[in-house]
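As structure tokens, here come the structures.
Look for chain A in each of the two complexes below; its partner is chain B in the first and chain C in the second.
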Partner chain A sequence: MAVCVAIIGKDNSPKYFCCLNPDEELGFQYKVLSSLDVVEEKLNTTNKGTNDLRELYLGMLYSLETHKIYGYVTNTKIKFIIVVDSTNMALRDNEIRSMFRKLHSEYADIVCNPFYIPGDAICSKSFDVNVKNIMTGTV
Partner chain B sequence: MSRASTRFDTKKVNSELVTLTYGALVAQMIKDLDNTEDVSKQLERLGYNMGIRLIEDFLAKTGTGRCLDLKDTADKIQSAFRMYLGVQPNVANWSAAGDEFSFILDSNPLTDLVELPDELKNLKYCNIICGVIRGALEMVQLDVQSWIVQDQLKGDQNTEVRVKFIRRLEDAMPAGED
Partner chain C sequence: MSDDAVFEFLHSELINYIISQNEGKSKEGKDEDLSNIEYIGFSTGYRIIERLTKEMPRFKDELDTMKFICTDFWSALYKKQIDNLRTNHQGVYVLQDNSFRFLTKLSSGKQYLEVAPRFVAFTCGIIRGSLANLGIGCLVTAEVQNMPSCKFHIQVQRT
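What follows is the complex of A and B.
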């Protein structure tokens, strides 16, 4: 299952970060932030003229020996990054896509909270719980 | 009118719009008045003003007659909840003297997707409902007090609004705006 999830805002500032293993957090933060370059590249190359509406899912951004990094961008330029352990059973593309869809829907719910100001860091406990469920595939 | 149910019904409004509107209203009030007590009081007052008008609409739509006793009143309010909010609360916790009861809501469309941040722990988000009940009953000459006992936003199982009958208003007092 996913070992790390990050949500980056449209100005590339981190909004939310969650790791299943707290020791590796710093390492993952580094990997996630460097994969943002790949995201930017993909956004710039696919945006020649027509806006690509179908492709919110960016696919695999980066592949390290131990981990794979997948990206997803919303139309409001919010980026979701999922880091998956390579040693895990090979997660099919569909499963990653469905994880992103669930993440997107959780994010939409959190944004509907009148006390959440878009642009702030997300510190909701129920969001935490839901994201952990998505990461471990129990939802 | 026979329309496919997938067409937008122009008379009804998407409930998310109501939730988001109410949320935006509360958030703006918090910004304007820093004190959560004041915001709660204002919400109650808002509810009161809504209630004195909603009762007319309710009576016109249902055409009900006088209530025989408080239990009747509770049932009518229950059907009003269903009509306006789309939820059916349970009426429970009658006091021994029969003058107090509670509405138990296990889902509340006003609080969908809302999470209270820590600094607003004292905010009575659903106070508008208390105000509506008070305002509506005052227009039918019943003086009641209503308050929130349990609140889902604060971690309780469900939202409980308690209503207490104070007295019957004998004079036809014009509804005073606070």
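What follows is the complex of A and C.
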């Protein structure tokens, strides 16, 4: 299970942030925002190279002593970041990938809500609940 | 089958609504004000593209994006693909649909040619909104010469 999920907009401004432990939020914000450079780097190199890295899922961005950080960028340049505890060996690449896919579906649903203005921060109770479920793996 | 009809009814009712709203306003020139329909299309396109590109691999370039618009995007909305895509490779794309869904229900003679812009404005907005969210700013205009066929001109804005 993930410890933190973040959604970053086109212009690299945070749209949504959710951690299991609210006390650690500041530290996670720092980790997530510093991983954006890696995201940018990955996007630029895949554009130039001929290798077939056109998948939305970017894989692991980098790993720290305590946490691993994974990234995903949609076609509309919205970035999803998931932070996982390093000690958690149960999470394979495939599980992370499916978490991102579920998160993307949730995001597509919230964007199609006429009361949500694209580009604003997301504040929706049902979205909160669904994201928490994805993080804890109860869906 | 039935949900296809719902979209068409909603679309024609939307046009009726906007046109009737415009009636009270003073008319300057003979062109109708379709900017509201276009704007509704824009925000629809901006939102729906997130859902439609969910399963797609990342687009290589602009042309790749246009091909997506002509195939998957068009069949999701209009149940058919674009019949002809032309480009000058300098940011102008012309999409031709030989039997555009919103025009096939009208008489194909010259009778309704002058109200045809009403039925293509929403689609212009959808295309503009979708491309805007994909990072391509553009101008979209439509041209109807013979009734059920329609050409969309997309002019990409270079910074």
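Keep this in mind: the second predicted complex is superposed on the first by the 132 of 139 C-alpha atoms of A that agree within 3 Å, B and C clash if a C-alpha of one lies under 4 Å from a C-alpha of the other, contacts with A are read in each partner's own complex, and residues count from 1 in each chain.
Going forward, contacts are C-beta pairs under 8 Å (C-beta built on N, C-alpha and C of every residue); 3 or more make two chains touch, one makes a residue touch a chain.
Just so we're clear, the structure is a prediction, and the values are computed from it rather than from any experiment.
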| item | value |
| --- | --- |
| Contacts of A:Gln29 with chain B and chain C, given as first, second, both or neither | neither |
| Partner chain(s) touched by A:Ser124 [first = chain B, second = chain C, both, neither] | first |
| Partner chain(s) touched by A:Lys77 [first = chain B, second = chain C, both, neither] | second |
| Contacts of A:Ser98 with chain B and chain C, given as first, second, both or neither | neither |
| Chain B versus chain C as contact partner of A:Cys112, first or second or both or neither | both |
| Comparing the two partners chain B and chain C, which touches a greater set of residues in chain A | C |
| Chain B versus chain C as contact partner of A:Leu56, first or second or both or neither | second |
| Chain C-contacting residues of chain A that also contact chain B | 112 |
| Residues on chain B engaged by chain A in the complex (per definition of touch) | 16, 19-20, 22-24, 26-27, 112-117, 120 |
| Residues of chain A touching chain B in the complex | 109-110, 112-116, 124, 126 |
| Contacting residues of chain A [partner chain C, same complex] | 10, 46-47, 54-56, 73-78, 104-105, 107-108, 111-112, 118 |
| Residues of chain C defined as touching chain A within the complex | 46-51, 53-54, 56-60, 133-135 |
